[in-house]
Every structure is written in C-alpha cells, then in structure tokens.
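Labels run A, B and C following the written order; every chain starts at residue 1.
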Amino acid sequence: MNNSPQSPLASPGPALLAQMYRRMAVTRHIERLMARHVREHKFSGWWHPGEGQEAAGIGATAAMAVDDYLWYQGRGCSWAIGKGMAAEPILADLLGKVTGSTRGKGAGVPHWSDRSIGVMGEGATLGSVYPLAAGSALASKIRRDGRVSLADFGDGTAARGTFHETMVHAAAWKLPLVYFCENNAYLVGTKLRDVSPTENIADYAAGYHIPGVVVDGQDAVAVYEAVTTAFARARAGEGPTLIEAKVFRRQGHYAGDPQQYRDIEAELKHYRDPLDVLGARLEDGQAAQLYAEAETEVQQAYAAAQAAAEPDASVLYQDLYHGQ
Amino acid sequence: MANDMQNIGYNAAMSQALVEEMRRDDSIFVLGQGVATGGWFSTEKGLAAEFGADRVLDTNISEAFQAGVVAGAAIAGMKPVINMGFGDFALIAGDEIFHKLAKWRYMHGDSFPMTAVVIFPIGAMGGAGPEHSGCSEVLSMHYPGLKVVVPATAADAKGLMRAALREPNPVIFHSSQALGWTKGPVPVDDEYIVPIGKANIARAGSGATVITYGSMLPRCLQVAERLAGEGIDLEVIDLRTLVPLDWPTVLASVRRTHRALVVHEAVRTAGAGAEIAARIQEEAFYDLEAPVLRVGALDVPLPQHAALEAMCLPSVDGIAAEARKLMSL
Amino acid sequence: MSLLNELRIPHMGSVENAKILNWLVAEGAAFSAGQALYEIETDKTVLEVEAEADGVLARCEAREGDERKVGDRVGYVAAAGAAAGDIAAALRALDAPSTTEAAAPMGQVSAEVSADAAEPEPAAVRHSPLVRRLAAEHGVDLTSLRGSGPGGKVTGDDVLAAAGQAAGGVPAVPGYEGVPFHAVANSARRRAIARRLSEAARQTAALTADMQVDLGALLARRAEVNAARKARGEEGVSVLACVAKALAAVLRARPAFNATFTDSHYVLWDAVNLGIAVDTPDGLVVPVIRAADRLDVVGLTEAIRALAQRARDGQLRPDELDGGTFTLSNPGSVGPVLRAEAIINPPQVALLGLPAMLHTPVALPDGAGGYRVEVRPVMRPSLTFDHRALDGGQVIEFLNDLRLRLEQDVERLFAAV
C-alpha cells in the first residue's frame, strides 16, 4: 500500500519545527476566530472549517521552496499560511476588505493569492486545480527552472475527470507535479467508501505507474517527509507522485453544518489534534509560548482587517484585462 | 503580386505568424492533438523539428486538460497556444476557458499580463455534423475577461495571430473552418500585425450597413455586388474582433446609412447579432429608418447530411433577400 | 341642384379659429339674405355670420361652445321656400350612406377646403425614429409631408429637403434693383426662430419694466464663498447662478409669472423649469433647467455651464428644450448693454433679461437727510411681460421682490454651499 521509494528523508530541524508550529497555531486561531465570526456576524461568503487537518497544509508547505508553485483547493487556511502568507491579508480577504490579497474581489470563498511566494490562488470549481498545476509544472519543465508544482485537493475531488486527464499527461511527460490529497473520508456528507472503489485514493497511482504514498495526515512531520521525497523526485525529472494524507475533519463541511451524517462522538475517540502531535516535538514550554504569540498576531490581524475599508464601485472594472 | 505580398492559405497564414513569433519569444509554446506531427500547422520544417519537443507537445484527446494547462502555464508566465480543433469542444473545456482563463485575474484582484491563445475553429465544413460544426463565439463574448477575434481573410488571420501572441490577455481565436484553405494576399512582412478591436470596412457604401465576420464575409461581399446591380449600395463591415467590438466604426456607419443588417453563420437566436442589433438600436435609434435585421443559421442543430446542412446556413440568396427586405422597410 | 347646401364658416382675413357662441336662427326656420345666422368668437373679437341669400336652416351641426376653424361646416341650409317634408327627406337621404349625394358647399369656400374634402383619409403613417428626430430638429410638420420612400414612406431625406427648401432664388426687394448684394439661404433653425418670434410678437401684449439692483453685497459674499471653495479645490459659483436662485424663489412666491395664458385659462405651472437663453453659432436656443428651484447656486452654476456647452456643441436633446416655464436671458455677458428687453418665449408669460453690471455713481442717503455719491456695482434687470396676463402693479412687485433678495437677503442665496 505504501509505495514510497527508498530515499534519505530530511527531517525538519528545530527552527523549521518552531516555524511550522507557529504557523499551525496561527491557522488554528484563525479557525476559532472564523467559527465565532460566522456565528456573530453576517458573513457574505462560505467558510469551510479546516480544524483538525492543519498538519497536511503546514507539513507540506514546509517542504516547499518559496518559488515552488502551490495550487490549493482545501479547507481552512493552513496551506496559504504555511506557504508564508500573513494572517492580515487572509482575514481581510475573508471580510471582503481592500487590504486582502485579492483587494476585495475574492471575499467569502477564499481566493488568497500571492504569486511572489508561489501561492497561485484558488478556483471555486473543485477539480480545476489539476490542469492548472500541470500548467505551471509544464512551464517549469520548459524553462528548466527546477520548480515543482503541488496540487492540493480533498478526497471528494479525486473523482473529477480532470484528475485523470492531467495525471495521464503528467506521468507520461514526467512533469514536476505532486498531487496531494487530504482524505478526511467525507465528501461534504457522503462517506467516501460509498462512492470509491478503493480504500485509498493513493491506490489510483498504480494505474499511472507513479508512486502512491499514504501518510498520517495528523502528523506534520510525516507529511513534511513525504512531500520532501516527492519533490526531490520531481526536481530530478522523475515525474509526479500521488500523496494521500489521512486527515480528520474536526468540524462540519461548512460553518454551521449540523453533521447529522456523522457519529462525531465515536469518531472523536480517535482524534489526535495536529497541534498536540507537532507540539510534542518541541522544547518544553515552546509550544505554549508560540501558541500565545500566534493568538496575539491573529487578534491584531483581525482588528486591522475589521478596520480596513470595503471596496467601492471603482473596483468593478479593475483587473478584467491587463493594460486597461 | 508585389514582392512584399504572398498568396497563401488562411491556416498557413496563421501558422506563419505563430512560427515567426516563436522564433522571437521562447516563452511561446504550442500544444494540441497532432501538433508535433505537423497536423494543423504545417510548415516546411515542422514545428517540433525547429523548436523541439519541449515547445511543441502532442496531447491526448483531453480538452479540459488542454485548456486548463494553458491557463496554468499562462498564469505561471509562459505563452501557450493551443488549437482545440472545433469550437463545439469549448463546452468540454467550459470551466477551464470561461471560468479559469477568463476570470482568474479578476477573482484574485491582480491583472498581471497573461498571454494565452486558444484557437477554436468554428463553422460548418460540409457534413461534419452538429457536434463539429457549431459556432461558439457568442459564449466567448459572454464571459468578461477574454478577448475574441474572428478573422475572415488570410491576411487578417496572420495579423491577428501576431496580435494575439503579443496581447497580455487571453485570446479566443475563432478561425473559420470554411475558410481554412482559402488563399489570399498576405503581407510577407514578419511584423505584419492587425490590432485587436478594430473592424475593417470591406466595402464602402451608402444604402445600408451590413455587419459580419468570419465565414460570412465572402457571402456578404457577393451580395453587395449583386445588389449594386439593383441600385442598392451596401456598406460591408468585417468586425474582425468580437471582444472588444469596434462600436465606433459600426455606429458611425449606421448613422450614415440609417439601415443595418447583421449576418453571421452562428444560430440566429441569441447569437452575436442579437447583442449587435440591441446596441445599435440603443445608441443610434434616432438615426434609423428601419429596424435592425439579423441573418443567422436556423435554430436547429446542424444536420450531418451536407445538403440539409446547407439549407440551415445563411446563403447568398438568403442574405440578399434579407437585404432587399431591409431596404423596403 | 340638390335641395341641401352645406353651411360653412366663411373666411375672414387672417382669422383661423372660430368658437360657436350661439345660433341666432332656430333649426327649421327661414331666413333672409343679410340676416345674422350665428355668432362666433375669433382670435380677435366676437362677430355675427350673415346669410348670403334667403333660405331655410335645415340642420345645425355645431353646438354652442364648439371650437371650429374657418371653412368648417356648421350645418345645412335649404333653398328658400323648401317644404319641411322635403327637407326632412333630404336630410334622411344625407344620413343614409349608400344614397348620399355630394352636397355642394355654399358660400366662399377656399380651394384648400375642397382639396381637403377630395383627398382620402391618410393610412396610418409610421415615421421612423430618424424622420421624427429630423422633423423635430428642423421644425418640419410631418403631417403635410409627402414621402419618397418605399410605399410612400417619408424618409430622412424628404424631411431635410422640406427643411432646406430654398425657393429657388432670392426674393426681389422693390426699389433695390440697382444695389449689389450677396445672399445666404436661411437655415431651418433661423426660419423657425423667425416664425416663432413673429408669432410671439403678434400674439402677446409685451411690455418691459426695469429696476435698479445694487449687487455690492452679493458680489462681496460671493467672493468669500468662492475663495473658500477654491481653497477646497471646488469650482466657484457664478453671478448668473445667484440671480437664477433668487429668481426661482420669486417665481415660487409669485406663480402668476411662472405660467401660460390661454384664451380660456390661466395655467399656473407647478414646476419652475428655467430656460437659459444661449447664443450659438446657429442662433438662439433656450435649454431648460428642470425644477431649478430645487438646485442650490452650485448646482445652478454647473447646470447652466453644462447646458450652455452642450447648446454650443449642438448636443442638446429634444427633451432639454421643452417644458420651460420662464426664461432668463443674460445679454450683459456679451457687452455693456444697458437694457435687456427681449421677446417673450411662448407659451410663457414673462422673461427676465440681465443687462451689463456697471460700476455707476449712485446717490445714497447720507443719514443726515441728504445724499452722498458713491460708485456701486449696479444692474438694471428688465422684466418683459405679457400684459394680457400680468398687470403693471404685479410686475413692479415682482421686480422689487427680486431686488430685495439680491440686495438684502444675500445669505439665503448661499445657504449650504
């Protein structure tokens, strides 16, 4: 089942671990804040809580270079934060303010982007991520710039036709592309096992003659190691890898989802909070201190985002074309 | 023919511009079915031979992948070109073209330069059937963020291809199936460019304005010649670009002639002609002697049977009759 | 000869309109030549229409109070001595469609009238948007126009031809045969202006009254306001707009001046739609600021500026020229003219003209029972008014009201700017 090739694994050093933890804590504080905000305010978008799945995004992005391309379609904001975006533009985007990374255009359904650090943005049609990521991977291959592209998606999106159309070509052309599936076993409210022929999404890899790797998605370091291996393979011109991280979706599909399709109490018995798992690797007291710092940072970012201006009608025709 | 002109086919002219630009700009690459083996863009040497397998890629039959990889590569700073074979296939790649390519920059509040040329040949070929013969250009008009060109001559095919490859915005290039092998005078100049957004008055006249593009241009010019003998002097405008549409040229003409007829091969209902006619009457109502008329294909899927197909498309006789009707109102 | 003849209102000089006041002969009664048959009220006076010959009044068609035009039929007469029974039979025959004989009209009937009777009812005419616009712009009456388009349709070219119809050569002016000249054909706009002005001159009883206004306080306050506005990067307020603001308030207070006078009614307009006279290369136009009383002086400044610009650029829309209830003219802006009397803009009843503002020595009370002379910025607005509608006393009060607002109530003009 685990097809990971034998290669030396690089583990994160103490500085990187601390940065991962801090970013995971920032992500978690944003989760908590958004859950409250959506309850207390009229929120014009949809918030898809990612609590419990943070290790996937934090661990994977820690293994990516700043100019590697990230195309994400997951829940929460662990990928954008992990890749290096600050809390303030992310919160400002969610609140629809001009200080957001999309300057007020991408409010609601997050489209956080910062191409200067490889956060390419998000499309709202699930499954659009595959060919887009293959596009940047192809660009890298033609330019020989050594960059790798990662496509993040959930188990529910793995059945899209574009998954296959893209991987057929990526594998044939040995594109520097990594597929990263966050499998929380639920497609909104449908159990994955009812609509999938295989236990693991990673099992599809065999059909493309590429490695399929299953990894513990609650353990950021395990994720980091798997992605490091896959990226090394891609940079060496050996082609794509399909990584599947088993993650736990702590909240509902959307904020306010009553989750009647789940026996949440039973499931919670097996839940390992990724913050705890990662925190256990830090020095004594370091986790608590980083957690507190992250909370302050998020509170300040939230206050700044709330105080920022809303876009007015002058933005309506901006960003339609370049040069206009 | 003068030394600076050559008599070549429409598709060949497109390919000529592509090759010339690929020589100048190594961020341009081409993909599609059969491009490496020279299917569409036949040059003497072959594209792959000159530019290498990295920049000329054959793909599977995967329209969604093709369009999506074009969008992703363009966002990542390359200049991809894809020929998707048939305008009808735009529907297979709908999300990738009309959401991703068109809307990505707007959704993310960042209008960085993004060059991508998606070639969608449109129109009937004489019996190719309802899923290979359609004209999808109105879809491209309806999703703001794209530019849309519709050359009707070989020279314009070359000039607009160059313009599209230098345009910092995604361009849907609707070449004409019917005109693909029509030869015409094309400047040899390897800087020859036709600006996107500029219509051409193919025939000046004073009695009525005929607004058309693509495969219908030759038919409209034939109609104009025929009706000149009947004392009707038609002005024929070849739009060349649908987005952005050259409204000033169209409206100035209608204000002079006071009558307008839109002719396109696409199905009449909700075709590009509907938008053009609506806009003319909005902006030039008090200059009109008569309502704006439209000619398009019948509101049916095009039959595979070539003779039946011809009955559904605007013919020279049909266009002439509509023009005469316009003059009688 | 038929028993019945049409009785039509005779033509009398330039009279057009005739309102039937009352019949002086009863239906069925006989009359003799010279006897008054009925009374009408025309544009100018009341008069009686007399019978030209002996006869019997067979039928009255027009009723008292009906508005008619000269040449209209008002009834039927029968020859003198006709029997009542024969008359009745002839009337029945007239009413039955299949046996109607064409009744020969009696009396002076102009060629126009018979031509009208001979022509068939015109089919429903559809004029294209182009034709309607050109007709409105050039003052061409479409109802009488023959079309050269398909099916007799009127085309834009037909309208332009009618508008630009130069009658061949320049009319000869008696006594000037030996004087060299060159002539320019009048534009349609010029001819329309001439027609309107002579009509106004003919129909209204126009007089003009002037009053002197000291603009010192207004100018001082305006200078303050404009300095503050300039410091904020805003445009200044014009003197014309200040006068317009005061004028609009006076019109609100004195609605008789914001009105139209008809034969039967005095129509008081509820809206103050202020026309601003603008000179253009093609003649005078008067674009209208609708609801001018609702604008402040900043709004009025901008509205005046914008309309004047569009007027000079020839870009006014038809709806911007309609609906004016009062006109403001500003010839003083052109040169140091002392008096701004003007021709009233029908169907309005008055017009305010502003001559030049001049610094003039003025005698002011010195507080000790005498006078001192001081140079003051002074203007003498002229109110031209239709005396049929307005009397002298009202006019003087109007001007005084305006003067007081411009001299003593200056603050209110600049409120909120």
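In this section, a contact is a pair of C-beta atoms (placed from the backbone, for glycine too) under 8 Å apart; a residue touches a chain by one contact, two chains touch by 3 or more.
Bear in mind the structure is a predicted one, so any value in this text is a computation, not a measurement.
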Note to self: most contacts are between A-B
Using mean Cα positions, find the chain sitting nearest the overall protein centre.
B
Need the CA-centroid distance for the pair chain A / chain C, whole Å please.
77
Measure off the straight-line distance from the CA centroid of chain B to the CA centroid of chain C, and report it in whole Å.
57
Taking each chain's centre as its mean C-alpha position, how far apart are chain A and chain B in Å?
40
Any idea which chain C residues touch chain B in the complex?
128-133, 149-151, 155-156
Under the touch definition given earlier, write down the residues of chain A that touch chain B in their complex.
69, 71, 100-106, 111, 113, 115, 120-121, 123-125, 128, 130-143, 161-162, 165-166, 168-169, 173, 315, 318-324
Would you pull the chain B residues touching chain C in the complex into a rising list?
258, 285-290, 327-329
Chain A touches which residues of chain B in the complex?
29, 54-55, 57, 59-60, 62, 64-78, 80, 95-96, 99-100, 104-114, 144-145, 147, 168-169
